[in-house]
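Data block below; observations after.
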Amino acid sequence: MEFLHVEGFRKQFAGTEVLKDINFDLPKGKILAIIGPSGGGKTTLLRCLNFLETPDEGKVFLDGELLSDAKATYSQKERREKQLKFGLVFQSFHLFPHLTAIENILLAPDLLAKDRVKEQFKERKKAAKGPARKALKKEEKQALKELSAENKRHAEELLGQVGLSEKRDSYPSQLSGGQQQRVAIARALALSPEVLCFDEPTSALDPELTGEVLKVIRALKGRTLIIVTHEMAFAREVADYVLFMTDGVIEERGTPEEVFLHPQKEKTKAFLKHMEEYHDE
Amino acid sequence: MTAFWNVTLALLEGFGSTCLIFAATLVFAIPLGLLVTFGSMSRFRPLKWLMRTIVWVVRGTPLMLQLIAIFYGPALLFGIDGLDRVPAVIVAFVINYACYFSEIYRAGIEGVPRGQAEAGQVLGLKKSQVFFHITLIQLIKRIVPPMSNEIITLVKDTSLARIISVTEIILVAQEYTRQGLIWPLFYTGVFYLLFVGVLTLLFRYTEKKLEYIKI
Amino acid sequence: MKKLFATLLAGAVAVCGIAALGACKDENTLVIGYTLYAPMNYKDESGKLIGFDTEFAEKVCAELGYTPKFQLIDWEQKISELESKKIDLIWNGMTITDELKENIAISDPYLENKQVVVMKLEDKDKYTDVASVGAAASIAVESGSAGEATVTDNGYTSKLNKMTAQSDCLLEVKTGSSEVAIIDYTMAKSMTGEGTDYADLTYVDVGYAEEEYGVGMRKEDADLLKQINELIAKYKQDGTLDGLVKKYLV
């Protein structure tokens, strides 16, 4: 069993099977590209991994431990903790329009820090009275201050990493699509997920803007990534493993070389040929 | 001139009641409307249908009828003493406006793209955090124009309070009419216009403040 | 989120509680429903409520040991006001009719009244008797009043403009929206003619049937009815009512 192990995912929407028994493994620090025609279940798979959908059946193991089981019920809190193991970058960014670039990145880390500190001090504050309680409150405030300073430092570093330091205080509406997607990537990275997923990260972009986003993703090599993409050249270049998904099943899997250069299945061949023609146009 | 001054003072006193009804309605109906919205959008079906039925009844009957029902109803039907005049007006207005507001909120919430909440969810935020830190401000941005409309209507609806003899400004003016003095009734228009004028500026300011959010 | 719900609910409950407390009534108070209606209940220059019925009611309450509390009402809601115990008495130049008697208890009559026709001064010679009023293009009356009953009883087919108050009927005639109005003699006398805001209006007694004013109350308040009737009889005898007539109606 590898670092990430997905076992027997099944999902139906209104009687249509969108995922039919999906199984795969991904070692730590490797990049998995998922390719295939639209409607093949790729997005649903990512949404299931990120707890936006609950599969009808299936288990996820992370680092050798059972992370989630479709048959089990989890409390909101448990679910959120599990959710944080994964990150997701959406096709259409979904930046928060009322927050600046840096605020977009900071929102979740700051709120989570607040919750965590509150939790930490809850019991002690209950027991303490009078001046002791006051001192604790002060200590709590200080702890939170330190955490948010740390968050801020980290966020600024991430902005630098995606090359947008000077856009720190811009609102999403003032950014190009490519810049917005780079902020969204920084936002997902801020929570240091174990596995970061990308759902067609360049599909909503004008062709001249895809390059800057792909460059940022390329620089993430060394992290565990799952990328659903239509950029065949990019998948071939960065991925360690490739899955070809169609009609809710994994039709073919292997290294980029195996899948792209020596596809075994007819469906894979047809798809690749189609993509090539599309690309030439 | 003294007559004008006396009438102005008397109308101002009536306008006090108008403002009280207006302010109390807003203070209670704005949050209550949100509860109604959550209820009518609930996944728990009985609650959802109950709320939608209430909204239907309240929006489907004249406010005047609701005033009469709330003020006289308890005593006529059950022999309970019921509410005093001003509280009855406020209760009726709060229920009525909460229902209208709830529909505006609902449209607003449904207008915020689902991706916004999902983005918050994958970042590990609680439902309440998603609502207060992500949805709410975008919701406010969306509902300011329709809410402005509804709130301006409320200013003028307060004159219905006279049906159960709460001395708001129109009733004061009508008292003059009944004693033969006609112009005070038209003079009340000035009060309404000034009030709505101030509100309009306030709404414009709010819209301007929210302009930075592009949705 | 749950806390928010709880806070809001608690707030709503508190408001209702306070409101209910405020509604408690004093046992020794009689709440008297009135509308502004000169000369029965109206305000003097200083804003004090005076008038025939105001003074009459104050006298009766004083003698019976009650504190009167005058509550302005919407005339159309008078029965609801009474039945829901928001008021205890209707004392406002109320004409005694059989329809009203079915629903509420009414005292013995304390004042005679009749319906008269109000018109512009220049129409003075146009409407002189019961039949000629029927030729008016439009008639203003108070909805549910004795004036409206007069229109029905005399079979007038003119366009009927129903107002919510008798005083609004005067405005109708003044502005020409209605050609004539049929209202109480007592009001027409005090509110039209020289020295009033309706100096360009006048009234004619065309000879409609006479009516009487009475005090309205709930049927279950039989004791109160008895007490008030006794005082009406007493005031008729000792000249108190005549004094009020001289003060307000002549």
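A, B and C are the chain letters, set down in written order, and residue numbers restart from 1 in every chain.
Operating definition for what follows: a contact is a pair of C-beta atoms (placed from the backbone, for glycine too) under 8 Å apart; a residue touches a chain by one contact, two chains touch by 3 or more.
Treat the numbers as computed from the prediction; the structure is a model and nothing was measured.
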Chain with Cα centroid nearest the overall Cα mean is chain B
Please identify which chain has its centre, taken as the mean of its CA atoms, farthest from the centre of subunit A. C
Distance from subunit C to subunit B - Cα centre to Cα centre, in angstrom: 33
Distance from the CA centroid of subunit A to that of subunit B, rounded to the nearest Å? 44
Cα centroid separation, subunit A vs subunit C, in Å, comes to 76
If you look at subunit B, which of its residues touch at least two other chains? 127
In subunit C, what residues contact two or more other chains? none
Can you list the residues on subunit C that touch subunit B in the complex? 1, 4-5, 8, 11-12, 15-16, 18-20, 22-25, 35-38, 42-43, 47, 71-74, 77, 80-81, 83-86, 165, 167-168, 170-171, 191, 196-198
Which residues of subunit B touch subunit C once you look at their complex with the stated criterion? 10, 28, 31-32, 35, 68, 71-72, 74-76, 81-85, 87-88, 90-91, 127-128, 131, 162-165, 167, 171, 174-175, 177-182
For the complex, which residues does subunit B have touching subunit A? 113, 115-116, 118-127, 129, 133-134, 137-138, 141, 212-215
In the complex formed with subunit B, which residues of subunit A make contact? 50-52, 76, 80-81, 83-84, 86-88, 90, 92, 94-98, 107-108, 111-112, 115, 171-173, 187-188, 191
